[in-house]
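The structures considered in this document are given below.
In what comes next, chain A is part of two complexes: it sits with chain B in the first one and with chain C in the second one.
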Partner chain A sequence: MSGEILGIVLRRIAVAIPLMLLVSILVFIVLRLIPADPVAMSMPPNATNEDIEALRREMGLHLPVMHQYAIWLGHILEGDLGRSIAFGQPVFKLIGQSLPATIELAVLGALFATAIGLPGGILLFRLRGRPSEQAVDVGSTLMMSIPEFLWALFLILVFGVAFNLLPFAGRLPPDMTIPRVTGFLLLDCLLTGDLTAFLEAIRHMLLPALALALGTVPLIMRLLRSSLLDVIGEDYVTMARLRGVPERRVINRHALRNALLPTLSLMGVQFGFLFGGTLLVEVIYSYPGLGNLMVEAVRNTDLPIIQGAALVFALAVLTINLAVDVVYIVVNPKLRRAR
Partner chain B sequence: MSAAAVGGESPLRRALRSGRVVVGGSILVVLLFCAAAAPLIAPYDPNEQDLLNALKGPFWTDNAAPGFWLGTDNLGRDTLSRLIYGTRVALFVAVCAAVGTMLMGTALALLAGYFGGVIDWLISRAVDLWMSFPPVVLSLILIVGFGVGIGNVILAIILVDWTRFCRVVRSEVLVIRRQNYVDAARLSGFSHMRTMVREVLPAAAPTIITLMSLEMGIAVIVEAILSFVGMSVEASIPAWGVMIADARNYMYQSAWGLVLPILAIVTTVLAFNLLGDGLRRTFDARLQQH
Partner chain C sequence: MRRRTLIAGLAVGTAAALAVAPPLAPQAQAAKDSVVIAWQVDPQTWDPNKRTVPVRQSLYKMVYDQLLTQAPDIKLEASLATKWSQSADGKTVTLDIRDNAYWHDGTKVTSADVKYTFLERGKAGHKIDLVRIWRNVADIETPTPTRAVIKLSKPMATAIPWLAFLANFVVPKHHVEKVGADGFADKPMGSGPYKVVDYQRNSRIVLEAFDKYWGPKPKIRKVTILIMKDPSARVAAVQSGRVDFAPDVPIREVGRLDKMAALSGRIFPISRVILLQIRSDKAFADKNVRLAAHHAINKKAISQALYAGKAVPLSIVAPPGTPGYVEDFEFPYDPAKSKALLAKSGFSTDKPLKIGMASFNGNFPGDYDIARAIVSMWKKVGIEANLQVIEYSKYFELNRGNKLPEATLYSWDNAVGDPEMFTGYLMHPKLPFSAWKDMDVGGRVMKLFGVVDYDKRIQGYKDVAVYASKQGAVMPLLQSVITWVHKSDLQVVQYNNGWALPQTWSWK
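Presenting the complex of A and B:
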């Protein structure tokens, strides 16, 4: 069983490596199209032509494009993503500082999405054929029409501005600091034994994580409902009903277990999108993560950061898909080989 | 299964019996009217500033100013006029981007599904590659590469979202091309091109139409996101995302400035989603039985 999973993981990684290479080529080519001149941006206005030429050579811009790409890729493999034009710091370090925050936010968002989406899907399914189905259905279409960045603003207006219940800027109150141990703030709070800070950090994450989740919830609900519709006609469900098993138990114990599988595999794709959704949500909540870093870099045309962040986002999506595949195999008995 | 085979009635008539299609379509007609007639119905020029009347609320609030029905922004620009002009950007991007993604995605899907083999493998791997980027990230780096402007925003959306069409239409084409009538067309001497366009494509049309409607909603959102981060249209063109970005800094003084463009976006996307959902139900035989 575990050897089988390992085999599948290795095979998926073998597919992911050429995919990552193609991703890097795509990122490189797109950002080579850029109208702004990276040399001009990193030079003082009084630089001479010789200075500019020297920097061009230093940055390798006089070389053919494929050669430039090879050099760039070589640096990446050594963990060198270049230096930020705006901050003057290594991109690797900047991304390393902001990525844990984004991962924490995305994980909490995914948890919320699952916790709301699955019961919602069951509810949607239970209501089939009733008059209220139409209302709930239109409600879920309405929810599908609200992307996470609008939820983010809306939640701020309601819980932050109107009722002043929850904070909506940053990760901690301005007067609170936590020594950096792992970079994961929640973990660091626990490691340093600071429960007040832990609760504050959670409070700060509630609204952005909820905004992320609400963008994904209607999709999970609909997926689960249609999976349940597919399995409810199966013989084993009818058998359970004939045996007099109560409807609630038929759904929870018999139908749900099988309906969850296709839902789970599609949830992987959704969580990949959810990770991308952190971009705008972080900007709106001034949350110091990868998305905020990238949007800031886009505004400054800070190419090394944009390239690095884009690669990390792609890597994250591939990792999420891989993780979901593994979970899928672990929980799906049909895919386990008989011993 | 093709739409006409499901029932005797024409697809259009059946679609019009769907509440979703009627509601979604009606909202879109109103929005189209706003976009087309913006200079006639907007009470002010969308960029006209009235600094003495800045950050006013809508007429039902205490903070209202006469003449500005839905209030003003921080520069005293009329919110109603900016909302009306904003429909132009939103709908223009929605229609152009949806047509573009449809053309690119469907063409590749037809090639992949019809010919199979190496072509299918190549196109499917390209889809995998694209799907490994969160759409927002990909559209941002494309806009950084192309530069801002409404044409580039449309191009970026097309280059990001063609995969949506490609994946769905390809699997549809895989089923269609095994039908006898497609073989019959080939046997009676139709060229590959003619078979694809005349025989395979019409059978996939219901799916394509539904996807286009949903894609228009997505395009509205992406444009709003890009203009929110200042990477879409020029500053002089009123767009809903720009209004949101401006109003966000003043939400304590005037929350309505933020709420109204959000409502405009949600209403528009909802209309496209209702229309798409309604069309899907009309075309989908499986759902009709429920």
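Presenting the complex of A and C:
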């Protein structure tokens, strides 16, 4: 099996290289087509037109777009994503500092989505045909139609203001500081042996992670219900029932295993979206992640950061998809043989 | 108990415990020598010479010193420089540097640091805006550690106010040379009232009072700044008591929060103007039309509707309290006159003048609402404006390509209030922030850039500001306001340029 998985990974990587190249071209060209002047907007009020032109030349913005792209690509191959216009720092460093927070948040968001979505899907399935099914269905539609940033604000109002239960700014309380070791705060708290900080970090992550997760939960619920409805009429389920296996066990032990496969695939795709959803959620919760950096970069038309962050987001989605494929094959022997 | 039930129980129990448990860390309000602020922007870089973004100046003022600073009424005051003068030809600025100022590592601030900041950083190739601002510095002499003499290759009439303006913070030569420009942006060291203890980009800044600070010792010993860019989050933070001070709160929320016993809300005008930048050609080549458009705008009504009446209507591009303000000039709201002027040029409500107008949406409070109000007011007199929403960065691209529409709603910040930084930079036809390219008004402005005599220069700007309004070369609208909400027992000092400086605050 490991040989098969290695083959898939290599095939996926072979496809990912031209895909990343395509993404990089698209991002680069689209950004150049936007009528914006990132140089002039960062100038002091007594700047002259000559100052602006000199800086444009210094940044290579006077060159033809494909020439600029070739230079940028050359630098990327050397591990250099350029320098941020607004921050004045290497983009690689800025992304490196921000990415762990986003990964941490997105993973917790995915865990929340799974923890709520899977039991929710089973509940929805069990309620089929009952009047309460409609109510849960309407509730899940409502959840799905609310974007992440609105969830973020709603959760702040409820848990942060009305009940004043949970924090909603940053990753730790104002008077708490943890030395940066890996950038993954939870891990750093454990590495430094500070359990209080660890619990505080979890408390600070609850609302943003929940805001990210709530939009995904109904999708998981609905797909799982639908998959369960598909498999519930299969022979092996009927056989289990004929053997006198209790209904709960029939669902959880026999039907759920097969019904989970399409759900797993969806969760993989949704994790990619969750990653993208961090943009506004991080801004609202003062979370120092890549999404927050990206929003700042867009506000400043900071082309090097936008380009670099877009590549990282694309790479993250490809990696997640690859991971899902691998898991899919591991849990589904039929697929292994088919490939 | 079954394993699954046990796990589920534990998960629910942990979540509930985390949610209902009291915060493990003490709340901000418990300590009376500390303050928690919800600030609206990240500093982006701790190199204060790097960029000239007005909203970040307060952050830099907490950590760094300028050669000159400003009083709450924005008058210039001594800071690192105790005395200052400029020669009659405008080419020499002499500064006496105080001998009791220290960097945060305990080293003394000297004139060598001034020379390094204003001259040597540029020569070393550091990419900082300060180099562009002081492009005409030929040399800086440092005859003693407490004397710096700036030699300019050309007269710089506003050299003194610039020393208190954007990005003009003195940086430590020894530290920047040691850690490099990139390192300095991450490891700030200033001579200001606070030193940076912790900084997490886009999330949090922790400052502690610097014991060897030369000025008054801050009563607030610890400042925690949470970077909260979303206005709703700032409102929630101050309402829930998690922060003590929140700036840039939506106007309607200020009124609501002010009614709470524990909170105080403030809306006050600062040295920032909201104006319509005008093109001197296309449909606005006709002076009658420009003046008609200006007379049709009811600035007082806009102020009442959007800024609780606190934004002062302006007739020139200089607000009250700044040196270039002219008290006895008013450009009146007069729709009848507007209609008459339009009729002279052949336009009416039946045969409206068609123009383009650009506005931001969310770049400054109420921007798009002002634009829509103006479009509506213009429609009543016979001007049909096609309103286009643009991004801040697009504004520069359009202006650079001379593609702005006839009128563009803009906000211009000027913390020092000098008229060159208002009318000068906004109306100088060769500078990138000017939309007006005609040389009648533009030529008058350009001449003033060479006038060093303070009184003559200020009078010159007063005259040209009135002239520009009378010519319809610019449509000043309102003195902009800012908003603060803070705990009622926190005493904050209000600066007329909008600075929020915790070193001047105290708890009752």
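Just so we're on the same page, the second predicted complex is superposed on the first by the 309 of 339 C-alpha atoms of A that agree within 3 Å, B and C clash if a C-alpha of one lies under 4 Å from a C-alpha of the other, contacts with A are read in each partner's own complex, and residues count from 1 in each chain.
One rule holds in what follows: a residue touches a chain if its C-beta (ideal position, glycine included) is under 8 Å from a C-beta of that chain, and two chains touch if they have at least 3 such contacts.
Just so you know, these numbers come straight off a predicted model, no measurement behind them.
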For A:L206, decide between first (touching chain B), second (touching chain C), both and neither.
second
In the superposed arrangement, which partner chain does A:G276 touch: chain B (first), chain C (second), both, or neither?
first
Quick one: is A:L157 in contact with chain B, with chain C, with both, or with neither? Answer first, second, both or neither.
both
Of the partners chain B and chain C, which touch A:L166 in the superposed model: first, second, both, neither?
second
Just to be sure I read the superposition right, which of the two partners does A:M294 touch: chain B = first, chain C = second, or both, or neither?
first
First, second, both or neither for A:L61, with chain B first and chain C second:
neither
Touch test for A:V30: chain B only (first), chain C only (second), both, or neither?
first
Mind telling me which of the two, chain B or chain C, contacts the most residues of chain A?
C
Touching A:V317, do we find chain B (first), chain C (second), both, or neither?
first
Given the touch rule stated above, what does A:I103 touch, chain B (first), chain C (second), both, or neither?
neither
If I apply the document's touch criterion, which positions on chain A are contacted by chain B in one structure and by chain C in the other?
34-35, 153, 156-157, 161, 283-284, 295, 299, 301
Where on chain B does chain A make contact in their complex?
20, 128-129, 131-138, 140-147, 217, 221, 224-225, 228-231, 244, 248, 251-252, 255, 258-259, 262, 265-266, 269-270, 272-274, 277, 290
Touch list for chain A against partner chain C, complex
34-49, 51-52, 86-90, 94, 97-98, 115, 153, 156-157, 159-161, 164-177, 196, 199-200, 202-203, 206, 282-289, 292-293, 295-296, 299-301
Touching residues (chain side chain A, partner chain B) in the complex:
19, 22-23, 26-27, 30-35, 128, 138, 141-142, 144-147, 149-150, 153-154, 156-157, 161-162, 229, 269, 272-273, 275-277, 279-280, 283-284, 294-295, 298-299, 301, 306, 309-310, 313-314, 317-318, 321
Per the touch rule, the chain C residues reaching chain A in their complex are 11, 15, 18-20, 23-26, 28, 34, 36, 38, 42, 44-45, 47, 50-52, 127, 129, 132-133, 135, 162, 166-167, 181-182, 185-186, 197-198, 200-204, 206, 222, 224, 226-230, 232-233, 236-237, 239-243, 391-400, 421, 425, 430-433
